[in-house]
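Structure below; questions to follow.
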Amino acid sequence: MSIVVQKWNELAEVKAELAARDWFFATSGNLSIKVTNDPLTFLVTASGKDKRKQTDEDFLLVDAAGRPAEQTHVKPSAETLLHTKIYGQTNAGCVLHVHTVDNNIISDVYAQNGEAVFSGQEIIKAFGIWEENAEVRIPIIDNDADIPTLAAEFAKHVDGDTGAVLIHNHGITVWGRDAFEAKKHLEAWEFLFSWQVKRLLLQRAAVPLAD
Amino acid sequence: MSIVVQKWNELAEVKAELAARDWFFATSGNLSIKVTNDPLTFLVTASGKDKRKQTDEDFLLVDAAGRPAEQTHVKPSAETLLHTKIYGQTNAGCVLHVHTVDNNIISDVYAQNGEAVFSGQEIIKAFGIWEENAEVRIPIIDNDADIPTLAAEFAKHVDGDTGAVLIHNHGITVWGRDAFEAKKHLEAWEFLFSWQVKRLLLQRAAVPLAD
Amino acid sequence: MSIVVQKWNELAEVKAELAARDWFFATSGNLSIKVTNDPLTFLVTASGKDKRKQTDEDFLLVDAAGRPAEQTHVKPSAETLLHTKIYGQTNAGCVLHVHTVDNNIISDVYAQNGEAVFSGQEIIKAFGIWEENAEVRIPIIDNDADIPTLAAEFAKHVDGDTGAVLIHNHGITVWGRDAFEAKKHLEAWEFLFSWQVKRLLLQRAAVPLAD
Amino acid sequence: MSIVVQKWNELAEVKAELAARDWFFATSGNLSIKVTNDPLTFLVTASGKDKRKQTDEDFLLVDAAGRPAEQTHVKPSAETLLHTKIYGQTNAGCVLHVHTVDNNIISDVYAQNGEAVFSGQEIIKAFGIWEENAEVRIPIIDNDADIPTLAAEFAKHVDGDTGAVLIHNHGITVWGRDAFEAKKHLEAWEFLFSWQVKRLLLQRAAVPLAD
């Protein structure tokens, strides 16, 4: 099987799973998976599609600059530029960007800190961190309607083969060495966000929450 | 394929997707799709059906006044009159009306303002608005058990090929140039409503939410 | 097709729909559908089954007193006695009893009033009530571990072919002339409960909710 | 059919049901089912798999000490040691461990009490307790990154063929005589947790909740 077909199917499976959770409201979100290293090419979601459906035009192959690498009449997602930063600066193999109510809430509650910090949660082991009382941090950057400006700011926080960034009121972008790792980390972050939102609601209720 | 069959299938697909989200509790909600322009005809949901099921009587063809355009023993949805206002005053191709807990809550919290206003949310791009800090507004009108009275008030807020109105404690009505656009906008509004309900709950909790 | 088979299939379909909403946690809940009037027989859920699964032993036929009307090694649900009260006192054709977090919360918040009252909600039309500002009331009775005692108290509130009762911290029982009506009313009540729980949470937040 | 195949299928079915509720975020959770008594062997989830998928490597057979009982290239779940304590000390036939937001919240709110106590809820009958006003208690133990330390503390609370323990910010572990019972109890606990979280949120709202 061609590597492009294999990667297409892998990304389609991730898309279907995230769509089943309704994480692509109003055609939001975008996904990509690396196909070749030299030259760098990756499959990225076409712009403006309903990601709950599966079609032959869901993805297109693009080059290191995010330009179509083949003849096609579909356009790459408007935010493909952020994906190019990740593939250009790291060895990541997959990038997932989704909007959820809870990731938007967390991005807003902690916007002034420039990051959200979580600790004391077993699910943190999903990040491969096994120490007692480990902390995980996710940077929160300002949103910007100008994609090049946003991508430049975003790129400053891209420095490992796996990682994640929250964009203020604009969802989370997670990357990993492969689709499995990217999805695992995405799920771990979303669990932490939902947990923290409920904790914030309850802390007001003056129950004795730890920390 | 006949245009009626094509439009029937298109509307059936939207109905199935919204039913999967459980947006038709207790047979609530109604949907329609335009079939012909001259004379104006559209398919609209039959009254009182369980919209989680798919049957041969889910929709019926009606004319510009909302009267059956063919022999049928099913009745058009009681609120078909609101759909006729949209097709009569705009070039909309599809109308979706659903009840959710969150759209009812928002319609109540902001009833006195006569509208709900949202800004600072990336999902607003789903409305085709790309400016920095864009605001979107949805009018909120009083509910009325008398459908002609309700339709007359509703008609005052129908002035574009895409749009949306909240009826107080009675759900949202969204229209678009086609089913794809109407559903995309519906999802964007519901995301904004759920986000704002959680923000209201948290603001009370005195966390530093951006305005 | 035998009437028993037809009614079995009808009840199985309702069971599957409610199970899809996860309304039968921990084997809770019970359902029944009337099969014959003279003598009175009805199909009722067998005791202790996982209602997310579909098997040949999901239901059994019982008589007016709730005793098996055929040879069987399964037992009727422990609360079949409540169903016999409904079929004995009304012309109802179907009875649905489910536990949800929200119906338990509402049964507790308003327990001291002996009823919960809802108004100003369009979904109330699902009960066939079309007046402006209609009110609907659901009685709330004390729970009792002794089923005959519970059934006796329950029977006092059974006086129409459609109706509903909340048992304190023990779920809702809804009945209707047929399965369609019973399910429609159940969905309308659950929508009202979820709406009211969110309103209670927000009222504390001092947002200007209409009464 | 071989007993191993039969038990494999039984555990696979439970895994699929819990996965459908999204109770395995980020590859969290682990499950097991006893296969033979003498010598003791059980099937346990392989480490690090995405439990929303079904594969031929989802489980592996292990012995009383949690070591692979057959040649295999997959590893048992890191927390298999906790399962060995249950099978070693009781006649349990199935063990389920899942992370949910609500079980984490409850484990935190009541951590200082060393247990969470529930009463006045009909769903408690799922535990086979039929008395009026029955109470159920679930111990809450400290989490520990060192699995042998955690397992030793855990083992102190394992003293019946059915039971459950909450690990602070690390999910619930439930066991039962068979998969059916373990799943029923797990669902009952999760219902109680979700109910209690909503009660805590509302109690702050000063509504007259029964104690």
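Should a chain be cited, it is by its letter among A, B, C and D, assigned in written order, with residues numbered from 1 in that chain.
Note that in this section contacts are C-beta pairs under 8 Å (C-beta built on N, C-alpha and C of every residue); 3 or more make two chains touch, one makes a residue touch a chain.
As the structure is a computational prediction, the values presented were derived from the model and not from experiment.
**Q** In the chain contact graph, what is the shortest path length, in steps, from chain A to chain C?
**A** 2
**Q** Let me have the rounded angstrom distance from the C-alpha centre of chain B over to the C-alpha centre of chain D, please.
**A** Measuring from centre to centre gives 43 Å for this pair.
**Q** Between chain A and chain D, tell me the centre distance in angstrom, where each centre is the average of that chain's C-alpha atoms.
**A** Their C-alpha centroids are separated by 30 Å.
**Q** Could you tell me which residues belong to chain B and also touch two or more other chains?
**A** Answer for chain B, listing residues that touch two or more other chains: 201, 204.
**Q** What graph shape do the protein chains here make by touch: line, ring, star, complete or other?
**A** ring
**Q** What residues of chain A sit close enough to touch chain B in their complex?
**A** 22, 25-28, 50, 52, 99, 101-102, 104-105, 108-109, 111-112, 143-146, 167-171, 197, 200-201, 203-204
**Q** For a test of understanding, state which residues of chain A touch chain D in their complex under the given definition.
**A** Contact set of chain A toward chain D: 17, 21, 120-123, 126, 130-132, 180, 183-185, 187-188, 190-191, 194-195, 198-199, 201-202, 204-210.
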